[in-house]
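The following pair of complexes shares a single chain, chain A, combined with chain B in the former and chain C in the latter.
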Partner chain A sequence: MNLRKYLKVYKKFLHTSLASELEYKTNILVDLITAVLSLIGSIFLLSIFFQNNGSIGGWEFEQALIIQSIYTILNGITNTWFNPNLTEIVKHIREGTLDFVLLKPIDSQFFISLKKINPSGFLEIMLGFFLLLFCIRINQINLNLSFLTLSLITLSCSICILYSLWFFISTTTIWFVKTWNAIEVLRSFLYIGRFPLNSFSFSLRIFFSVFIPIAFITTIPSEVFLGLSQLWKILLEIIVTTVFLITSRKFWLFALKFYSSASS
Partner chain B sequence: MVQKNIIDVRNLSKSFDISSKEPGLKGTIKHFFKRQTKSLKVIKDISFKIKEGEIVGFLGANGAGKTTILKMLCGLIYPSEGSILVSGYLPFRRKENFLKNITLIMGQKQQLIWDLPPIESFYLNASIYDLDKFEAKSRIKKLSEMLEIDKELFIPVRKLSLGQRMKSELLAALIHEPNILFLDEPTLGLDINAQRNLRKFLQKYNKETNATICLTSHYMKDITSLCKRVICVHEGAISYDGKLDLLLKKLSPVKEILIVCRSEEDAIKLANSSFTVKNKIKNEITIKIENNSITSSLKNILNNFDIEDLFINEPPIDEIIGKVLIKKDYDI
Partner chain C sequence: MISKLINRKIFTLLKVQYSNMLEYRVEIALWAISGIIPFFMLNIWTNNNLNESINISDVMLSRYFLCAFFVRQFSVVWVVFSFEEDSLMGKVSPYLIQPLNPFFRYFAQHLAEQITRFPFALIIAFFFFIFNPESIWIPNLSILFLSIVSTFLSFLIQFLIQSIVACLCFWTEKASSIERLLFIPTLFLSGLLAPVVSFPAYVKSWIYLTPFPYLIDFPANLLSGNETNISGGLSMQILWILLLFPLFKKIWSEGTKKYTAMGS
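This part shows the complex of A and B:
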């Protein structure tokens, strides 16, 4: 893979999609307001849960806020990259414009995963990071190199798992054509990721760890921030991420063999 | 100079699983729970070769399989049986060097970024094809001059007319200077002038770069002005592969000639001679003459009869080609 070429193309992707989005200023403004209101609403909801109980599943409100901040960062990443690109796969397949992507001398997964960005998602990412910094302060977490490295690794793993899951579902469009519902189900499961995994029953915890790996997406990174995570969990997260990334990639390449293009 | 085959297709077949649904609510419910699919062979054991620099037109009715053939040639659809070699590559592997050699233009689909001026899409494509900025700039300049769209480069795509958009699509698809062009109804929806300009451009591009062009179109003018060779596809099989003028001669072996005689007597004399008469009204008579004897027959008429005027009527090409679309086999 020619890294220089891919960086150059990505620069162009950023430029063209920003230019496209900036054509509609009001839309961006509405998106920005929605991001701020959505975060305020989420924190308010969380505070209601903790109003009568000091802790839920062993998590204090201040600690649970860390999960909220990671969720906000991930939601921002979803809105910036995954939502504009991966929902577009459905359109590409229904209308047959995937033909243009497949005939370009560039990796098709790279193209369809990164071609667009939604700049208003950046605000959500920034808000998530501000909240995280606030949480680090109120939870009196010591910032050191190993802590930062582990946080970065687990957060990157969360992003990769989320991307793989979303990409996997979008790929099924090649057979089923319409898969909006499956993506909506995934998004609603992610809302659950705003709450500590321990606050759910044992069977639900198993479900959210094995079938929909919410635990790996928000809870484990949060545990790292609080110094509660064990090494085996982090290693497991890295393994799960690798498996998800490889499987979704292989699944995409396999699915393309069944792509029949839309009729003219 | 002997030109090599750039496309070699042997015994190519393609089947699709197609689901069918009965009408009405009952049919819809049945279709939802138990989908009935059947395998449909849309391309049936076809073989052909195309030489470098050739412009070949694919003719056929809607659903005959022309687009499927083009999509298999450029590697978008896996063939079910048979082999395809394009420029020495197996298309469906979509190797980088193969993709840099080809392009696909579809009249009804677009790749330009809707909200931005076409120039942005051109530079994006240039980076995908790994062209440096100066190279990209000079190619955009050259192609935009050829296509006469230098002014439209900076206007958002959504504000361009269909003709201007199609020209921009062409530029976006040709920025990497491919040597094989697959064009699927490129003039669809364009007005007469835009169609003519596009054809002129394709002729010029072919002449200057010796690019091979495979074209499908329902506009006969596209085929007659661009293609010397046509491949007729009927229900997934090739019904004719050869020169267009040969096909036209075969399908239309006689010409109709309207002769205006100076007197009705001359018209009667002509009607009673050896020519096949289609109709006769007073001193005007329409006769049928075979293509291969047209010169000698006209000489004979002009020498032996007192003629005021005559008109040679060619049957409309759409009518002739229309016959190809519904017939299974042409043995020429």
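This part shows the complex of A and C:
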């Protein structure tokens, strides 16, 4: 069966990349400290915003912390999977090694999106979940089944949108060869995901929900956690996710037609 | 005679690096765009009237963040990433033979990049003024001169810190994770995301002893005409450079003794 083959291949990917990453053990420790400090820094910044204001864009400090925790989880996922793999595309294309990927009897998107893993991102994901649990306690959220399914759906939608965005930008490498900095631009825009969408002015809000759907990535899941989200928003997020996933796939297949290998 | 030789070296290095940088115009434009986070922060500040509590008017705050953007544009340092790559690839060995410290090469690279970046930063500032016409101002010449000097000093401090971190490559091979760790306090404490005046008292009491507020907050305040202690700021910047430079020289001479070329 196909699925079983892919699972088996993925297990091998995990094994090889973990083995190579664990060679740099101090690096992982430094990355852990970085993740902790970065979370402290963001909370410090939030506390500056809230020191003289009760609420920002209708969000109280405890509620804004939920956004922070979801951002941290998603950032951890980005650092674990998206960042190491998708920056590798740039290398593949510049050095022409994408040929070897395309020759393999396996889906090329699967291969380049999941080949590598960076274990230090796990710690960030865990940090995010701890903060989320803490937020659930201080906001007195009742956990029930429908709530859990909804939050799981929105979170996985966010992950898919995020993945599509990264993959989309990395795919443009086929034409532009060097896109390190396009990734930097995406990163700096994603930074906005740490704050509630309502705290921005109207024009920026439109920009961040239409062009770069950061609104969907962190704000909607947080609203679900607070029980504020309307059903249409969740449905909209699912639709946006499907559109993004399909377009990024189509775009990859389209871009491959233009791939001409290095030095040819 | 000797100074003439040095002048020629520096001039040649700059010329080579500038033509090198001109090849990557799009890259640099994208990089300039990725620095617009201060503008998003400005949007949060003014949109929620957070600045009322710190007694800075909307106009002054928008000038502050514009200047913070500019200072950041001209003090971005990435020497550790270049050096790490060169040292992993074994490119440092030929540099070491030359009668010129390789860091001059990186230094010229940074300066050339800043010259290339200048027009793009101006374009972004132009768009900023279209959206915020009330914040246009013309700083007087002496202030402009002083703020260019202090921006350059801020660049020097960051260049020295990163060069010290880069020298750690001689021991650990992957020094960029330490740089990412150091970047977190730089990001949150330098005034890029919130002016240092707005920080709570328990942070303000010690922050002026660290180099961070002199990296962005001080030059940006100086240029934007916000209140700041000019002579105190400049002397702190010079003091940090005087402290860091001998440290760099020491770690460089220790490191080169330790250095073994790749594959030996």
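Worth pointing out:
Just so it is clear, the second predicted complex is superposed on the first by the 262 of 264 C-alpha atoms of A that agree within 3 Å, B and C clash if a C-alpha of one lies under 4 Å from a C-alpha of the other, contacts with A are read in each partner's own complex, and residues count from 1 in each chain.
We take it that contacts are C-beta pairs under 8 Å (C-beta built on N, C-alpha and C of every residue); 3 or more make two chains touch, one makes a residue touch a chain.
These numbers were taken from a predicted model, which means no experiment stands behind them.
Look at A:175: by the touch rule set out above, it reaches neither chain B nor chain C. Legend: residue contacts after superposition of the two complexes on their common chain; A:52 is shown touching chain C, with no touch to chain B.
When the two structures are aligned on the shared chain, A:130 is found in touch with neither chain B nor chain C. Judged by the touch definition given at the top, the superposed model places A:26 against chain C, while chain B stays out of reach. In the overlay built on the shared chain, the residue A:254 is in contact with neither chain B nor chain C. Comparing chain B with chain C, the partner in contact with more residues of chain A is C.
When both complexes are overlaid on chain A, the residue A:8 reaches chain B alone and has no touch with chain C.
In the superposition on chain A, A:44 makes contact with chain C only, while chain B stays out of contact range.
In the superposition on the C-alpha atoms of chain A, the part of chain A touched by chain B in one complex and by chain C in the other spans residues 24. Remark: chain A residues 24, 26-27, 30-31, 33-34, 37-38, 41-42, 44-45, 47-49, 51-53, 56-57, 176, 178, 180-182, 184-185, 187-188, 191-192, 195, 199-201, 204 touch chain C in the complex. The touching residues of chain A, counted against chain B in their complex, run 2, 5, 8-9, 11-13, 15-16, 19-20, 23-24, 95-97, 99-100, 102-106, 257, 259-261, 263-264. Interface of chain C with chain A (complex): residues 24, 26-28, 30-31, 33-37, 40, 43-44, 47-50, 52-53, 172, 174, 177-178, 180-181, 184-185, 187-188, 193-194, 198-200, 203.
Within the complex formed with chain A, the chain B residues making contact are 16, 67, 71, 74-78, 94, 96-97, 99-100, 102-104, 106, 108-111, 113-116, 120-121, 123-125, 127-130, 156, 184-185.
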